[in-house]
Each structure stands twice: as C-alpha cells, then as structure tokens.
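Residue numbering begins at 1 within each chain, and the chains themselves are lettered A, B, C, D and E in the order written.
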Amino acid sequence: MAAVAMRLPVARKAVAPSGSRGDEKHLVAPGDTITTDTGYMRGHGTYVDEEKLIASVAGAVERVNKLVCVKALKTRYNGEVGDIVVGRITEVQQKRWKVETNSRLDSVLLLSSMNLPGGELRRRSAEDELAMRDYLQEGDLISAEVQSVFSDGAVSLHTRSLKYGKLGQGVLVQVSPSLVKRQKTHFHDLPCGASVILGNNGFIWIYPTTEQKDEEAGGFTTNLEPVPLSDREVISRLRNCIVALATQKLMLFDTSILYCYEASLSHQIKDILKPEVMEEIVLETRQRLLDLEG
Amino acid sequence: MPLDHRRLQGPDESQPPALWAGEGSGPRDPCALRPLFARAGLLSQAEGSAYVELSGGTKVLCAAWGPREAAEPGGGTAGGGGGGGGGRLVCEFRRAPFSSRGARPRPGGAAEREAEREAAAALREALEPAVRLARYPRARLAVSALLLQDGGSALAAAVSAASLALADAGVEMYDLAVGCALCRDPGHPSGAWLLQPGEAEERRAAARLTLALLPALNQVSAVLGGGRGGDPESWGEALRLGLDGCHRLYPVLRQSLLRAVKRRDAAHTPPGS
Amino acid sequence: MAAARRYCVPGERLCSAAEAAAGSGTYTRRGAVCAALAGCLRRGGGAGGVPQVAVLRDAEAQLLPDVGAVVTCRVCSINSRFAKVHILYVGSTPLRSAFRGTIRREDIRATEKDKVEVYKSFRPGDIVLAKVISLGDAQSNYLLSTAENELGVVVARSEAGVQMVPISWCEMQCPQTHTKDFRKVARVQPQFLQT
Amino acid sequence: MAAVCLSEAEKLYIVHGVQEDLRVDGRGCEDYRCAEVETDVVSNTSGSARVKLGHTDILVGVKAEMGTPKLEKPDEGYLEFFVDCSANATPEFEGRGGEELGTEIANTLYRVFSSEGSVDLKSLCINPREHCWVLYVDVLLLECGGNLFDAISIAVKAALFNTRIPKVRVLEDEEGSKEIELSDDPYDCIRLNVDDVPCIVTLSKIGYRHVVDATLQEEACSLASLLIAVTSKGALTCMKKIGKGSLDPESIFEMMETGKRVGKALHIALQKILDEEESLGTTRQKVGFLG
Amino acid sequence: MAALELLSAEGFRPDGRRPAELRKLRARMGVFAQPDGSAYIEQGNTKALAVVYGPHEMRGPRSKALPDRALVNCQYSMATFSTGERKRRPHGDRKSSEMSLHLKQTFEAAILTELFPRSQIDIYVQILQADGGNYCACVNAATLAVIDAGIPLRDYVCASSAGLVEDAALADLSYLEEAAGGPQAALALLPTSGQMALLQLDSRLHEDRLGAVLEAAGGACRAVHAVLDRVVREHVRELTALLGD
C-alpha cells in the first residue's frame, strides 16, 4: 500500500508556437526600444532615455491610446483599488495588521477597515486594540478588497463586507498573479461541490461550499467541524487541477478550472500531479476552451 | 633545522594503552540497571540544580534558571511557529576537560564543540515536551549540564539530571523526563541489548540507543539511536527494555526531588511553627 | 500545623478533576488534576465552594508579569510616544531579573488621553506602579498602563537629588528647592504602604 | 528550517484529512510524492545525483580525495558529510542562516552511516595506516518543499551508486618508500556497493496518525516525527525523534513497522530507476537543469 | 615542464577555440517554482544557478530600508564540490564576499531600483561547477533570473572575461587560461547603451594593450547578449503562446 514512484527526469518538449497567436504580439526584452515617437506616454515596464521609449521588462507591449506598457509574464502582485485578494497575517501591530499578499511590500489592514463582531457602526475602542490578536493572529488567512494603494506601492485592505473576512478550513494554492484572469466576481461556488476565491494576487483559496451564506459575527467564528470526506475529495482534486493549470500556464478562471476538473475525473486524485497527466488534462482543457470560443 | 626542545618529540596524537586493553568484565545481566544516585538542589547560586551519578563513573551536574526575558524581543517567534507562543528552552551541554580518558577530540576543538552542540540539541528535544513552555510567554528558561565524568550513558544521565534541575528551579512541568541508554553487544551471541552500558561497553557496541520517557504521561520524548541494530523487531525490543528501565529509574529521581523540596521547605519554615 | 504535609513532583496525579478545581501549580489532563511543580500540596476552598488543589513552593520565585497584575517598575527612558520601563516587582514579589515594559502615551491616564505628554508624566529613574494590559507582540515588550488613580509615579527625585513630595495628582515638589515638577502621581492606597 | 505559518483552521483541515487517509494533495498516509532522480549531473565530481521530491530539490556531489586513515580504523577509508542549506532554497538561509540546519542534517547522516557495513569502507583503503580514500559527500539544498531528510538520503544513495573512484597501485621500492600510481585508464575504477546504504524515512505524527513524505504545510502540523534509516533488507541503522513534541510508545512501534515497509518500497523503486538509467548507457541525453 | 601553450601557432586555444570565440553557452529561465525568478546557465563547463527573491518587504531591521529605492542584496556561493579540489566552505570567505559585493554593484547599476522604495531584492547565485569566468557566469545567470522575476532592468547585464596572451586578446577565459596567470579583465556591460557596469582588471597590463583586451571583452559581452536575448525571447514567446488570451 505504500506507494513510491520514481522516475528519470524528462526534458521538456519545446512548444511548437507555429501559427499561435503569440506571434502577432509585439514582444520585447529589457533594453529594446519600443518607439522613438515622443507622442507616447510611459507606462509600466518602460522607461525613457534620450527621448526613446525603452522596455525594462520582458513581455508583450500593450498600447492603450497613448499609453504604452509592457506586461511582464511573472511579477509580484501590483495592487489596484477594488481587487479581491487573499492574504496571510504576518504581524499584529498597534491598530493594524500586516498582511502578506505577494506584493513587494506587506499590505496593511487597519483595525478601522474591518468589521468587528457586533456590527458595522461600532467605535473602535482601546480594548479592541489590545484584543486584535483575538480577531486575527499571525498565520490567519483573510479575504479582502484593496481599499487604496500608497505612493510606495503598498496596499491597504478592507474587509467591510460580509463576504470578506477570516477564512476557515480549506486549502491555499499560490500561483503567479498574472495567471488569474480578471473577472466580475472572484468568488465562485463551483458546481462540482466546492467553492474557490481567486485572489487577484495569485492566492487561491479552495473551501467547502457552505449552506448559509451570511454568517453572523462578521466571520470571526470558524467552523471547526471536520469536513466530510466527499468534500475533501473534491477540494483535493480541485487543488491538484489548479496546480496543474498553473504549471502548464493556463489562465485561471471558473470555466478553465471546471473544465480541467472534468478532464481529471478519469484519473486518481494523487495521479493528477504526475507530469504526463498534467499535460494531458490541461491540453484537453485548452482544447475545450478553444471550442467554446468557436 | 632548529629543534624544539621545549616539547617532547613524540607523535602528534597518542592514546593511553588502557584504551586498547579493554576491560575484562564478565557477562552481565542485560536488564541490570547501574545504581543511580541523584540529588537535587545542591547548588546555591543556581535557581535549581541536580547531580546524577551512575555507579561505574558517569557524573553529571545540571543547573537550571527560571524565566528570564528573552534576549531580543520576538527572537523566539521565528522558530516557535504560530506567533506569540510560549517561552524558549535554552540548553547547554559541556564536557569537562577531564571527563573522559583515552581518545577524545582536542578540548575546545571544533569536533568537540560540534559534539557538545549536538548533545545540547538532543537534550532540548528531550526536555521540551516535559516543560509547560506555554506558561512562560516571551521568556527564556535555561538549563546547563556539565558532564564531570563520562562512564557511559552520559546523555541519558544528563536528561534525568536536567529535568530534576528544572523541577527544582520551580519551573512548571507536565512531567519529569527520565533518560536511559542501551547498547547492543556484538560479542553476545543473540546480539542482546544491554541497559545502561558502561563506557567500555558503549565503545564496543554495534548499536546504541538513548531514550527519554515522561513516566506519568507515558510519552517518549527522545529517541536517538544508531548502528547495526538489526530489524525493527530488535529495535522494538530495545525500546521496550529501555522504557522499562526508565520506569524503574523514576522512583529514585522522584525521591531525590521530594527530599530536596522538603529540605527547602524546612529551611524556609521557622522551626516550631 | 496539620500532621504530615504532602509533597509532590511534576506529573503526579493529585485527584480527579471532578473532586477539586485545579489551582496554581497544577494542570488538568484526562480528567485528573496533576502537579506541575515540585512542592507542597494544599487543599482549600476555592471560589463558589468548589474545593481547590494547588501546589505551592516556598518562594514564588517563578512569577511572570501577567495581564491584570500590578507591577512596580523603574522608568529607564522616555520619548514623545512612550516610556520604557524595567519591571522589578510583580505585586509584592521581586523578580529575579528585570523584564522590559512599555507605557504608551495613550495608556498614561484615563481621561483627556490626547493631551497627555510623556515627559510631563514620567522621568527616567522614577518608580512607577502600573498594570499589565498586554503581553505585547513580536516588536513590543509588555504593555503597561497607569490609567487609574492608584497607578502612576510613587517615588521620584528632583534635580537636586531629593525625593519629591506629591502635591497634586499631576505635580510633585522638591522639599529642598521647592521647584515643582509634573508627574502622573499615584494615589497610593494605604494597604500597599509598608514601612 | 524554512517554516511556513498556517492558520489554526488550515492545520485542522490537514489533521482531519490525515485522519481520513486523504491528504491535501490526494495522497494516502504512506504515499510518497513523485520523485525524479538523475545521476552524473556535475562532471567534475566522482559521483553526483540530483533528486526532486515535490518542490524539494537536492544536489549531491561526491568527491574522492586521498587522505590518511583514522587511527581506530587503520585499514578503512571514511566518509565525510557536509550539508549546505543555500540561500537558493529560502532567503532565511542567507549568510549563516542555514548552518544550524545543515549541521543537524550532516550529524544525522553521520549517525545513519555509523553502522558498519553500510558502505564497504575497507575497499577505500589504499595502504593501511597511510593512505585511504576519503569520500566527501556534499549535499546542496536548492529548494525546500518538506521532507528534506528523506530526499537527501535518496540523493546520497544515488550519488554513491554513481561514484567511480580511480584505481591506484602502490609501488614499493627497495628502501621501503611507497609511491602511489594512478591508473591511466579513466574507465578503470572502483565502484561502491550500495546495497546496504540506508535511506531515511521520516514519519511525521499528525493527529493520531503518521504520514510519510510530509510537505512543508504538513510539517507545520506535526509536533513530533520519527526519523528511521532503513536498509534495503529492512534493517534499521538509525532512529531519532525530531520536533518539540513527544510520542506514544505504541505509536513508535507502529511507526517503525511502517518505516520498514515504506523503506523497502523506497529502496526497490530507487534501485530500479538507477538500473534503468545505467542501462541507457552513456548515450542517455542528460536533462540536468536545462531540461 | 614546458609551459602550456595557450595559443598555438595556428591561432587555436587549448580547447580548440579561436581567440575571440566564446565557449558553448546554454541557459534556461524559470528553473524553480518557489523563488520569484530563477535561471541556470552553462558556459562551457562553468555552471551557475541564480535565483531572485523580491522585491519584498525588508527582512531584518526595517531601519536598513532605503526611502527612495530598493536595496539589492546579493550572495555569491560556490558548491563545495564545484572546484577541482574540494572547497571547505561554500561562502563566507573573503573571495566570495568580494564577489557578492561586485554583484551588488553590478545589479544596482542595472535594476531600476527607484521604482521599489523601501523594499529589498535578493539575488543569490550558486556556482555548481567552476571552470573559469565564475563571476561572468553568475552575472549572466542573475540577469536572466531578474528578467524572469519581472523586475525592471535598464538593459541586460552581460559579462565576459578577456585576457592577453602573446599580444592576442582572448575572450571568455577557461580555468586553464585563468590559472596561467596572465593579465585578465572581467567586464559587465549594458550592451545596448554600451555602458560598463563593472570592470575588474587583475595583474599587470600595459596601458596600450588595455584597448585590445577591452575590445575582446566587449565583443564577448555582445555575443553573450545575443545568446541571452534569444533565450529570453524564446521563453517569452512560449509563455505568451501558452497563456493565450
């Protein structure tokens, strides 16, 4: 019953990019001159030197009107107001928590930007300050929304809505933020029987779908009942599918995750992470997504 | 070439012949425990102290200090995991320069320091489960063990002595930790395990094992062994033998601790009250 | 004195948890009260008539400042936001080594918190009574508060080196030079006064 | 150690999962993650191997250098272990940050190999009391994803299997002075018999059960683990409790049994892959880090 | 023993290269999953790994944070088995501390650090096999790793060494050629703008010859740039194709 699988490493196959849409894009590397036309505005991933607009990261050039940006394939999370993020508390300070969100500086959650037990309109007292660790302590996970971005790039979060707050039992997967597709909603109850929060910062939270949505006490009580085995199987399968999608660099959104989940059903959960299975199911997902687009 | 007359012209490294002679000890009962002498609370400078001696030559002196402020705030949380957890237990293990005879690494040399550090880490792992560290948030407890004479089973004796010293210092603990050592005699036909080996037996042994037990909780807090000990069944047998040994040693340690407590009490209560 | 005192060592089972509540120096495990200290056993009536068992040692040597405890400390440095102190006593028990604590500006007094100024409340060297409000976190030390009438400076020396006399809840005077200094003065309760 | 910080609820989820024999990544309690093994990856060593176990990535190089035998064992060579927890694995290891863990692992390796017969040390002797081969086994930790001990022991075994030590001859002239001559033929070399080289199986106690090959997250949920070194024949050469917690005597016996069973499976899988690689011969396309 | 002939009469070097020819250069980006960026490079038999963590919050004392730009932190380390004779320590000796400092200076010149005030960027390089040009391999690997991490760079930083043998300037020295003890230079260049990020010259060299050596090193850097650029573009193209959308 003990299973030990060992293998020799296999060299990656070069992906044949023939005819793929990657060719249409204007790809640049650091130091490349994008344009010498001075009419453009400098965006992310570019800098100006001797009146030339030069790329500073490797990626595809994006032009919005006069603004030119280069989007790197993989970076830390760049906060934008309104983003949904999942983060982990790293530090409890006076009046605020420091939150790890894979940004270049730790994000902050002010005591005043969160719902405290007992309702929206409560004044934050000195007792609340001392009891901060009772609400959220180091290691706790939260879902939150980006409230503002400071000048140095640090992000300030808020959880002033019932859908945000402390996360309970479930599994976290970390992927590159660029793999998470921006959508109207990042909270999904998937029909396969579990829910996911696709944080814009690349933190993905998979958890059992709860019956009653609106919890009292602003989500500070965590359900400590064991999650039933059937739910665990779905969550583990979803987790491995998301890992597979991220390894094979396919954008993550509800449909791609669901398609991948369905493609994986013929395999055992633990086998999904084998390289050849990952490749197979992601390829199938890719194909179905293309068919969907028509 | 000028000769160095101040030094004896001999080989750089040498060992006394006794090392190679071996002792003519007859067969002994593998289950026999060497008589153990323990006394708690014998040093006045340390907050808690204990001395453990195994007949045959192992002598360990331990001192313990109660909660002190951790050196740097937050230093303990890095390894503590889970944020503002309990206190830290700092252990030290030293061999006196005269502790052993025969081939030993140069005193204070890198090899010796390394061995001491490993023993200190083993000591910490054996004691940590016994101490209620959660009761000492943001504080540091310290134990220092000094091996005066190594006559075998030194680490096991140090574990027992250190837990006595901590209890003597008034540190809150779940239980005492009792250490016991074993080794497997290659000469013996069935390769039986010997309890509390002496130094010579330890040196000859094919395999060695040190255990620590929390007797009241019936939890094993340290297992450290290596060598050609055979299949798991044989090691299992050693484990059983060793745990039994720990249980047999426990009353001795308990008595010595009680005696120390009474002595302390008597010293503080004025006579006739 | 009762007949034989019972002594115990850590780990010893004292009684079932149903019989008595676990007092100091004990812990409960699997429905039993066990000793956590090597010391003398004492049974006594606890709160609400439930008997309580505790293990006592001669000296309460191992006390740590706990939330709610009143501590005596010495101010070692001040700045505009807080005063740093060394905790010397917990209640009336001296600590074997000083623990560091912080009194933040907003915790100095109970009213008009925004008008408090640290240097008008404490000076380095003052002996202060304070209450522990939090064990602090990774960055800070024990957080202390003097926001009660009974808490604050009890002993302070003037620039002339003479012990000053309190003249109001916020001022002290030097008996020699008659200069007045601002302090957050404690109204010392008579029961705390020992020779 | 590169520890991860988890919330209480996450830990609870992992503990309950272990109870039900379904771990977060779908494995059962006795399943290893998929491991990749490749030998002969660093060409200026006597033997080398790279092992990837999940996100744990280990590179081992073995260098044979000439030395003097130890006094107690004049007719044997010896092994020296060194573990470099490099900053590649995690920034915490920068500077001297990885040293403590490195010495802990190296000490454990010494203990694991302390059993006579795990490696035929006599074959490393060139001439007694004077010259012997010293095998420097250098472990480089490149990425850390849990279960370091097991991965390192697999890599060490693979590297020792791959080790080729040049044959030497001792020439003695009339005056009795000896000269050592290295064989000219690079293919004329000694290989080590690794049949008795043990592998480490770490069993982490999570809740009431124990798991093998714990991930970093699972390690964060475990208070105590038992580390067992098992040879392919099922003999134990080392046993060690690690971690802050304590273990039930009964569970130790169970863990030893599991360790033996899993260890045997581990050895079979490893030997199979080493043989398979060797059968491909020199024509095998090396993957290394470029793959 | 006759001195080893570093340049034959026909103009070949011991390993069969022409004076200006580079060793075979192969590289790959994105070797590891956990760091923000990683890369591996082989220049002949010199093999190096580089990983980048960051930009992230300062580790250790916050007071070390720079208010206007990111702190670049480098560590150069050599695997104990990387050299012909086993090394005792992977890092911490004088030479590797010096290398770490050089790397830091090189990348402070190239990374647009002013975009990330108060944060820190860690660059760790590891020599797996040493066969000359260790510093250069590390710089090249680190450049790829920084690009992989998506950290803005002014330009690639490409490094190469050059030496002088009998009036002929040799590019990209191997260990054998370095050990011969002739004058040698290591140059880190931002190829597009032609700016030098670091130039180090060992041993005595007549000033008239400096030009030739620099030219050889510069030429080699540009050749390195061509290879690295190809690796980066390949990587970007592949990933963009995979990501689709």
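Convention: contacts are C-beta pairs under 8 Å (C-beta built on N, C-alpha and C of every residue); 3 or more make two chains touch, one makes a residue touch a chain.
It should be emphasised that the depicted structure is a prediction, and the values quoted were computed from it without experimental measurement.
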item	value
Intersection of contact partners for chain A and chain B	C, D
Most centrally placed chain, judged by C-alpha centres	D
Comparison of A-C and A-D by number of C-beta pairs in contact, larger one	A-D
Centroid distance [mean C-alpha coordinates] between chain D and chain B, Å	29
Centroid distance [mean C-alpha coordinates] between chain E and chain B, Å	51
Chain centre separation (chain C, chain E; CA means) in Å	60
Multi-partner residues of chain D (at least 2 other chains)	5, 290
Sites on chain C at which at least two other chains make contact	137-139
Touching two or more other chains - residue numbers and ranges from chain A	92, 133, 138-139
Chain D contact footprint on chain E (complex, rising order)	26-28, 31-35, 40, 42, 45, 47, 49, 51, 53, 59, 73, 75, 77, 79-86, 90, 92, 122, 124, 126, 128-129, 131
Chain B partner contacts - residues on chain D that touch it in the complex	1, 3, 5, 71-72, 103-104, 107, 111-112, 114-117, 220, 224, 226, 229, 234-249, 252-253, 256-257, 259-260
Partner chain D, residues of chain B touching it in the complex	13, 15, 79, 81-83, 103, 114, 117-118, 121, 125, 128-130, 206-207, 209, 214, 217-232, 235-236, 239, 243
Residues on chain C engaged by chain A in the complex (per definition of touch)	104, 106-107, 133-134, 137-139, 143
Touch list for chain B against partner chain C, complex	47, 66-69, 73-74, 77, 83-84, 130, 132, 135-139, 167-176, 214-217, 254, 257-258, 260-262, 264-265, 267-269, 273
